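Mind looking over this structure? Questions follow.
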């Protein structure tokens, strides 16, 4: 059993508050990703879990045990750092063994552990090299190997892939996912890369200014973002946020948006509860539409909106089409060669995927 | 909650401070307490042995009424201006020349720099021999046929200070060069390329673009050379022994002879405090700005 | 051939000529004193007084070196520089080891175990790099007297260690600050403590700066004159003081060849260090100008 509970944890440096009552709890085998821009407090939180930073208030429990006052080595954790933090003067083998040596593990056992980890990460041939003789990806493996041999209750990863180039990052991402599947250890993983969060996590905590904005499964975070901030942070290109007005006619709820020089367009069948519909009827709201929820109106289907295309950006598998709507720049992801710049395009919207936010609080309304 | 910390953890917490404390104490005593002590002596009537009474600024008044001290201050000013100007000019010139992708750069750099490894006493001894008019440079030039050539600066009170400048420049140019060269190497070469494409010639590029970009290096060189010149003591002693007469007296030699030779401890302390204040006026703002800049970088 | 290309080539050639000409002339100027010292020390006194200055010696003689090393008179004793050379060695070796060791651990603490006030302490220490020692000589003489260390080698070791800490700490602090903090954090998670991290992780990684610090301290302490002349007398002086005494002897015909040999003897240890490890020497030299 290796659960992690973060219970109303606070951190402040003097009057500067970095974390404000953060509460997260995950179960054994979960893969928690702390996602947010730099300065949101995610790394501080990770360091507090590791015991490298002190806790100002609240409690952190690992496997049910309060660890607030335990030093890092007594918390039964292992950590992989962004810069890998390999000891530069030691060989790969010595790097992996260092912690075991300190804990007084006998040489034969150490040797066995090193061999197991090296096999698992396919780096047996690197054991006698120095870190400076390794490539970025190999260093990353060694850092993971060093963490694995501890057999910890909790793995902590601090932006482990951000020093790698794009191609290697994808490979290592898969590697980490495979490792998690194989070992089943609980993992806390810090990143600012939303794709890493989406691909790796079983639970994502999106953070901003020391506050958790949303804690949920990645798909839920993607489909039903808690607020405009999360909506824009997760997904690339990010979710379009279009100012509009909520209209109710009988049981049909629509969002009305402006198209420049063409008057208004009505997106009908937005999924909100009757109470919300009543409360917001006729009021200004923000309409959130993911780029891929647009499509070209074909055949008999009546287009939801007809727009003048500004820019077309082919990406290969599909094309990003940019146009304006209620003063906001909107991006639609469409199949290639279906629209061209300066021409008009007739688009449909997958209404079931549309998300509505309060215009003032920017929180999602259901 | 703190009380749950184990003894061991608390020790870990205090250990770094504990290990640092001897240095802290040593520096506190050796630098700050001793400065205060010197300051106190400068306000006392101490002569041969320290006396801990209080006579106000009497020693400072006496100091500034001493012609010898006046000579020392004038010399220091003259020396500092010449020493800085020449060292910076030659150091910068060598750095720029070395930056033109020359062959044997490593060897040449080593040649310009080796005087920095020597003791000022060695430098003084060597230059004393070179500058002596009977057998040194003057004689060599005379022997070459230019019999009217006179180079007896070291023997004349009004010119001996320039000899100190020559030897000091010789010893310190390498230092200025090293810092300027490091500064030049830190400049993005694409800036030079961009200027060349705009049609600027190399001298022009250096004058209007590169040299102004070396401002931090200039600051460092000026501050550190000023510091060298204020505390220069060994060189003067070995080269001219503050003479002829006391023509090349400097504050540092004045302080030494007042304190250890002429039993004027109070005046010596006052002169030491004057030196300290001059150095502090240059160094403290410099350190402050360096530290603040580096804080901004992080 | 194109005239424009021709003139461009000519001006390039002239430029190169100017660059190498200036560099070589300057190199000659900087080498001249060393050359003069060496040739003078190898000449007989008669040859010198006959007017040979820059030229090679007619007959090479090591007489002056022997005299400077073993017979020249310093004060009343006529044992040459040898005892003072040994004094300097006895002073410089412990002082270099102590100040470098202390600087290393200070730099480690100031970068990896920062505590409130540690930056202030560093600022205080830094001023020590630029202290005009005249401001502390008097009290230091008093302190050495009361510790019964006046005029002794251990006294000089103490003085050089105390005033060396500032520079060595600066070296190590500026070096360790480039080593990511994650390294110490990783070691902490591995269970290593304060000293274990220092000796197993940081110190092995600090080899270049250890060399820089040792060379810098060696040069500074070997070349020191002020402390030597202020705190020692007679037989316990370091070599710089002895050299100055030899040179300033005013009796009789001045023995320039012995002076130069003596100066060379005093210069050789630091010159050798400079030739062997010049790269590290330059790093130490510019460290004072590099941001903290």
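By letter and in written order, the chains are A, B and C; residue numbering begins at 1 in each of them.
FYI, a contact is a pair of C-beta atoms (placed from the backbone, for glycine too) under 8 Å apart; a residue touches a chain by one contact, two chains touch by 3 or more.
Fair warning: this is a prediction, and the values are worked out from it, not measured in the lab.
Enquirer: What chains, if any, are shared contacts of chain A and chain C?
Expert: B
Enquirer: Using C-alpha centroids, which chain lies at the maximum separation from chain C?
Expert: Using the mean of the C-alpha atoms as each chain's centre, the farthest one from chain C is A.
Enquirer: Which pairing of chains accounts for the highest number of C-beta contacts?
Expert: B-C
Enquirer: Could you tell me the distance, in whole angstrom, between the mean C-alpha positions of chain A and chain B?
Expert: Chain A and chain B have C-alpha centres separated by 56 Å.
Enquirer: In angstrom, rounded to a whole number, how far apart do the mean CA points of chain B and chain C lie?
Expert: 15
Enquirer: Where in chain A do residues touch two or more of the other chains?
Expert: 71
Enquirer: Touching two or more other chains, which residues of chain B qualify?
Expert: Residues 12.
Enquirer: For chain C, what residues touch not just one other chain but two or more?
Expert: none
Enquirer: Once bound in the complex, which stretches of chain B touch chain A?
Expert: On the chain B side, the touching residues are 1, 4-5, 9, 12.
Enquirer: Applying the document's contact rule, which stretches of chain A touch chain C when the two form their complex?
Expert: Per the touch definition, chain A meets chain C at residues 47, 50-52, 71-73, 77-79, 81-90, 98-99, 102-103, 146, 158.
Enquirer: Which part of chain C faces chain B closely enough to touch in the complex?
Expert: 15, 19-20, 22-23, 26-27, 29-34, 36-37, 40, 48-49, 51, 53-54, 102, 105-106, 109-110, 113, 115, 118-119, 121, 123-128, 130-140, 142, 161-163, 165-166, 169, 193-194, 219, 222-226, 229-230, 240, 243-244, 247-248, 256, 259-260, 262-263, 266-267, 270-271, 273-275, 278, 281-282, 285-286, 288-289, 291-292
Enquirer: In their complex, what parts of chain B are in touch with chain C?
Expert: Those in contact with chain C are residues 12, 15-17, 19-20, 22-24, 26-28, 30-35, 37-38, 41, 50, 90, 93-94, 97-98, 100, 102, 108-123, 125-130, 135-137, 139-140, 143, 170, 173-175, 178-179, 182, 202, 217, 220-221, 224, 227, 230-231, 233-234, 237-238, 241, 251-252, 255-256, 259-260, 265, 268-269, 271-273, 275-276, 279-280, 283-284, 287, 290-291, 293-294, 297.
Enquirer: Flag every residue of chain A that touches chain B in the complex, lowest number first.
Expert: Its residues touching chain B are 68-69, 71.
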